[in-house]
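As structure tokens, the structure follows; a few thoughts come after it.
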Amino acid sequence: MILQGKDIEKSFGGLKALNGVSFELGNNEVLGIIGPNGAGKSTLFNIICGVYSPTKGSIHFEGKNITGLKPHDIARLGIARTFQIAHAFRDMTVLDNILTALGIDEYNGIVSMFKLAKKSDTVESAMSYIELLDLKDAANKKAGELSLGMMRRLEIARALALRPKVLMLDEPCAGLSYDDADEFINLISMLKGQKISIMMVEHNMNVAMRACDRLVVLNFGEKIAEGTPNEIQNDPLVIEAYLGKEE
Amino acid sequence: MEKRLFSVISLLLIALMVMSGCSGNQQPQQTQSSGQQEQQPSPSGEETIKIGFFAPVTGPAAADGESALNSAKLAVETINNAGGILGKKIELVDYDDNFKAEQAVSIAQKLTTSDKVVAVVSGSYSNPTRAAAPVYQQAKIPMVSAYAEHPDITKAGDYIFRQSFVGPIQGRAGAEVAVKKLGAKKIAVLQVDNDFGASLVEGFKERVAKLGGEVISVDTFQLGEKEFTPLLTKIKNENPDLIYMVAYAVEGSQIVRQMKQLNMTVQLLGTEGIDATKEFFGVLGKDVEGLVFTTNLNRDDTRKVTQDYIKNYTEKYGFAPDMVGASVYDSFMVLAEAIKLSGQATPDAIKDGMYKIHDFDAVTGVITSYNKLGEVIKPVQVQTVKNGEIHFFDEITDMEIIAPPDIQ
Amino acid sequence: MYGIVVAINVGIFAILALSVNIITGYAGQPNLGQASFFGIGAYTTAILAGKYGVGFLPSLIISGFIAGIVGLLLGLASLRVRDDFLAITTIGFNFVVVAIFQYVPFFGASMGLSIPPLKLFGYPVGYVGLFIIILLLMLLVILFTKRMERSWIGIALVSIRNNEEAAESLGIDTRKFKVISFGIGTLIAGFAGSVYAYYMGFIMSYNFQFMTSITILSMAVVGGLGTIAGPIIGAIVLGLAPEIFRFVSDYRLLIYGAILILMMSFQPQGLVGDGSIFANIVRKLRPKTSGVDQ
Amino acid sequence: MFLQQLVNSIVIGSVYALTAMGATLVYGILRVLDIANAGAYAVGAYIGMAIYALTGNLFVSLIATLIISGAIGICLEKFIYLRLLDKPSIVPLITSIGVFIFIEDLLRLLNGPYAKRFPAKLPFSGIQLSSVSIPATWILVMVVTAVLLFILWYILYHTRIGLAWRATAQDMETAKAMGVNINLVVALNFLLGYGFAAVAGSLIGIMYNSISPTMGDTPAYKMLAIIVLGGLGNPVGTVLAALIIGLVETFLGGYIGFFLPRDAIAFVALIIMLLIRPKGLFASNNA
């Protein structure tokens, strides 16, 4: 087990967005968080990444309590993330986008931050991530000029460049075509081969079923089910949560 | 990457060369600054005497700038129509400083090096004039400051003169009028917060104390302020005998109007700052009856220079001149007189001529002389408004009051 | 001589435009109060050199550091506000600083402060000497910015400008870097202020008003934010405009306003900014380089 | 004295409210800090004076000022602002400063630098209640401000176009998706935004009996402080903030005297407020 959440509670004003949610992410596992709109998926995701701090409960990473740390601290510990809405650095080239992540060890010191960034070995290492995600032709293009699918790949490449132990993906397939989504699922299995644990929020059931080893289902801020895709598929509570609205 | 840095630097150098080239073209044979200041014939062949001028024609003080420029043009026209000086015509080289000290400094350089004027009149405020004064001093080109008040201006050196009273003199004169003529004991001061306001109030407070009056409150406001009711309501409550208002026309006119709106009838004493026919009296019309103010232009002066100036200005521009205009006009007349006295139109001769001026008949009164610091010695005029017109009220000639600071 | 004086003016404003460029151009934090740090630098020098007879180099350095420290503090305070709120906070800061200069007698209040002419090793430094000092200072600033652009801090700042959340997710402490950018940008403005004080010989609070901040920022924007050549070219164009258009003196401001409108309408990236006509030409002419530093 | 100062502060506050309303409206929709709105303020004073001199009817001249200046605003929007919306916010800001400088200097060239009178004859006279005086011009300012703000409030909260305005102010993309005619909303916004500023300019001209090309200088930045205090783009907040600033300035000046320039007071208040409530005194909750 690499990442663990215990009884996480979060309220905004009077509204409870999360109510006592716990989860565990095993080593080299792909865990999916699913649930209907407003279930609290994104809130949970943002709490893990340090954007919000929980009202109650705690997060542990490799046994260490990381509750309330800032996003940049969490990134430095080895938890990388992507965003639901593409967050590429649009004015920067694809290469520079990746470089940004490679500087993670240099941003702390006032001297080291003035070290040259584009040393040949750093650029080489950046190029390896670019090649890994098949972005080589676009390496010197501005990120803002990329297609949505490419931008998502860029974000994943950038997150991987942090050399994380855990990769958090926020609806990585939203807005992608069927083919792109397919490609994405292949990518996930490739990453698994590289000993990275993955936790993803996914709205698209189909993608979640295919990509994940295990799923956690949220509804109205509470965990209503947990298990393998097969178990979840047949869970009456889950079916009700997803289809209940149609009544 | 390196290449780009070089291209930036070379671009910069090219720009600089172009710039220095520009100024170089205008003065091909002059490599050293202000070495020999011989009077040179103008390119047209006709010999002229070039006099430089700068004023805030654009920007927040554009109204004073225009008054100043109008009078500068009128002065040059008047002199030239009378045959010029020493048989030569005057050529006006005028610039707009946009109310900015930086621009006044570059204008000073332009006037002294590329335009090669023999003397300069400042038609601007203290900040630009004060910043430019050392440049003229260093270039050894005499400059006459027409109406800037800052005491330090003339301290730049012996080539710098002032045509208006240095701040504290007018303040002392105001105190004299307030206490002795208007019989005020308790006085409230309402002051614009800049060097003009500060230096006048300094002299005023000192003299009021000496004469046994009391300044019960000093309130300041910033340039461009329009709303005085909070301050006036406060002053009304203090019930003073007189309000000493050190303000410019725009603010001063609002003070008068708002006093009226608040039914305040207390006597008001103003300064030359409000002496702007268009800006102050134009806006107020007949609402300023009984106002008394210190200035340097006496409208009832029967001397021909003054009456001619008022008449010619009004004819040319369609409205009556103000203190700013009169001071600028006089600055040119004084320079012309200095040239006549020394018989030569070179900067050094003009400077020496300025110190020789004695009992000169200027629009703004008879100038006794300029002291060693370059400060003018002349009486302070006190004017009042009667039936919507500006008239003589008093004249302060007491040397104890009007003697400017001098080099010890 | 006139050319030199104009060049000094342009040079000082080029340094200022470069300084605001670090905060607004690279880090993307709007700053409409840069003139206040320019003023803090100038007033520090006026007090040190004018009142206490401190020499040029110590005055220059202390002026820069005081401006930089105040800038750090403003940067810290500004972390609570963003974008347009930050823009207006910096305007407010400018007004408060000018008010302090204008009212506190120690700062000369409404009478301003005088600065003795600059002397080095006992010899007076004329305009030419001052111009060389300004060129050197500008060169230092350019070299520094260049280095910054190519190092991790430059990448961090640009990433913050692009997307704060994403930068944070990559281990960049955005708060720290924003504050650092304020510190560096205002430090440079303080240096510019110090030289300006020597150049003018006399300063008043009016010189450091909000409108001066606008002038500085306009130069950086018109030239091209986030580039090095941009602010310099902007300072040259907008700095020379009032001098070039002297022959139409009455219409000078009108033309100045029109330049701003036209530039922003047709070249909002600035004259040499990314995607401007000029930058595209350069991009086409130049062979592709990998941009690797050895 | 207290009552008099209270009346003073209400007049000052109403003037601020009307002046800042234009910039608030523009910000509410376009998210542009519109310094040029202060240009409309000065233009409005000149147009108002010219039409009043022509017709002698104050009511007609105020309405005409509103419409003509509003039309100028729509032109600025169509030809300048609309194409800058996707640019970084600094670009429209610098543009609006350019427009402001241009307008101010154009006024100086057309009308000369000297202040001019705006002597309007009012159909009623001032009020004198024991020690409190309320001049006729003040009554005019307060009444016109109240009427205009009421009309604005009615449009915003009780008409379909007002609903569309509020939807657009919340989120322009969503409003567009929901079928709101964005062009119409933006045009109305500029009509009112510039119209209000122009009427404010006219009223100030009458109140001080003085108009000059540079009269927009102070409002140009002061209204920024007020619209931020009011929560940037929140019309109701702007009115409250304007009244509060009027009150604070008056009572500080009236009892202690100004230890800072009056404008600095507004900005000090602003900075303190931003440090305590970073989104403005009256920021709407969903901001």
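When the chains are written out, they are named A, B, C and D in that same order, and each has its own residue count from 1.
FYI, a contact is a pair of C-beta atoms (placed from the backbone, for glycine too) under 8 Å apart; a residue touches a chain by one contact, two chains touch by 3 or more.
What you see is a predicted model, and the numbers here were worked out from it, not measured in a lab.
Chain centroids computed from C-alpha atoms place C closest to the centre of all protein C-alpha atoms shown.
Computed from the mean C-alpha positions, the centre of chain A lies at a distance of 40 Å from the centre of chain C. With centres defined as mean CA coordinates, chain C is found 33 Å away from chain B.
In terms of their C-alpha centroids, the spacing between chain A and chain D amounts to 47 Å. Note: centroid distance chain A to chain B, computed from Cα atoms, is 71 Å. The multi-chain contact residues of chain D, meaning those touching 2 or more other chains, are 105, 261, 263.
The set of chain B residues touching two or more other chains comprises 57-58, 193, 222.
With chains as nodes and touching pairs as edges, the resulting graph is of another kind, matching none of line, ring, star or complete. Applying the touch definition to every pair of chains gives A-C, B-C, B-D, C-D.
In the complex of the two chains, the chain B residues touching chain D come out as 57-58, 60, 62-63, 65-66, 193, 217, 219-222, 224-227, 229-231, 233-234, 236-237, 249-250, 253-254, 257, 261-263, 278-279, 282-283, 285. Residues 27, 31, 33, 80, 83-84, 87-95, 97-106, 109, 221, 224-225, 228, 232, 259-261, 263-264, 267-268, 270-271, 274-275, 278-280 of chain D touch chain C in their complex. On chain C, the positions that touch chain A within their shared complex are 147-148, 150-156, 158-159, 161-163, 165-174, 177, 226, 274, 288, 290-294. Interface of chain B with chain C (complex): residues 1, 4-5, 7-9, 11-12, 15-16, 19-24, 33, 57-59, 95-96, 98, 100-103, 105-106, 109-110, 112-114, 127, 130-131, 134, 150, 152, 193-195, 197-199, 222.
Looking at the complex, you find that chain C touches chain D at residues 24, 28, 30, 77, 80-85, 87-89, 91-93, 95-96, 98-99, 102-103, 210, 214, 217-218, 221-222, 225, 250-251, 253-254, 256-261, 264-265, 268.
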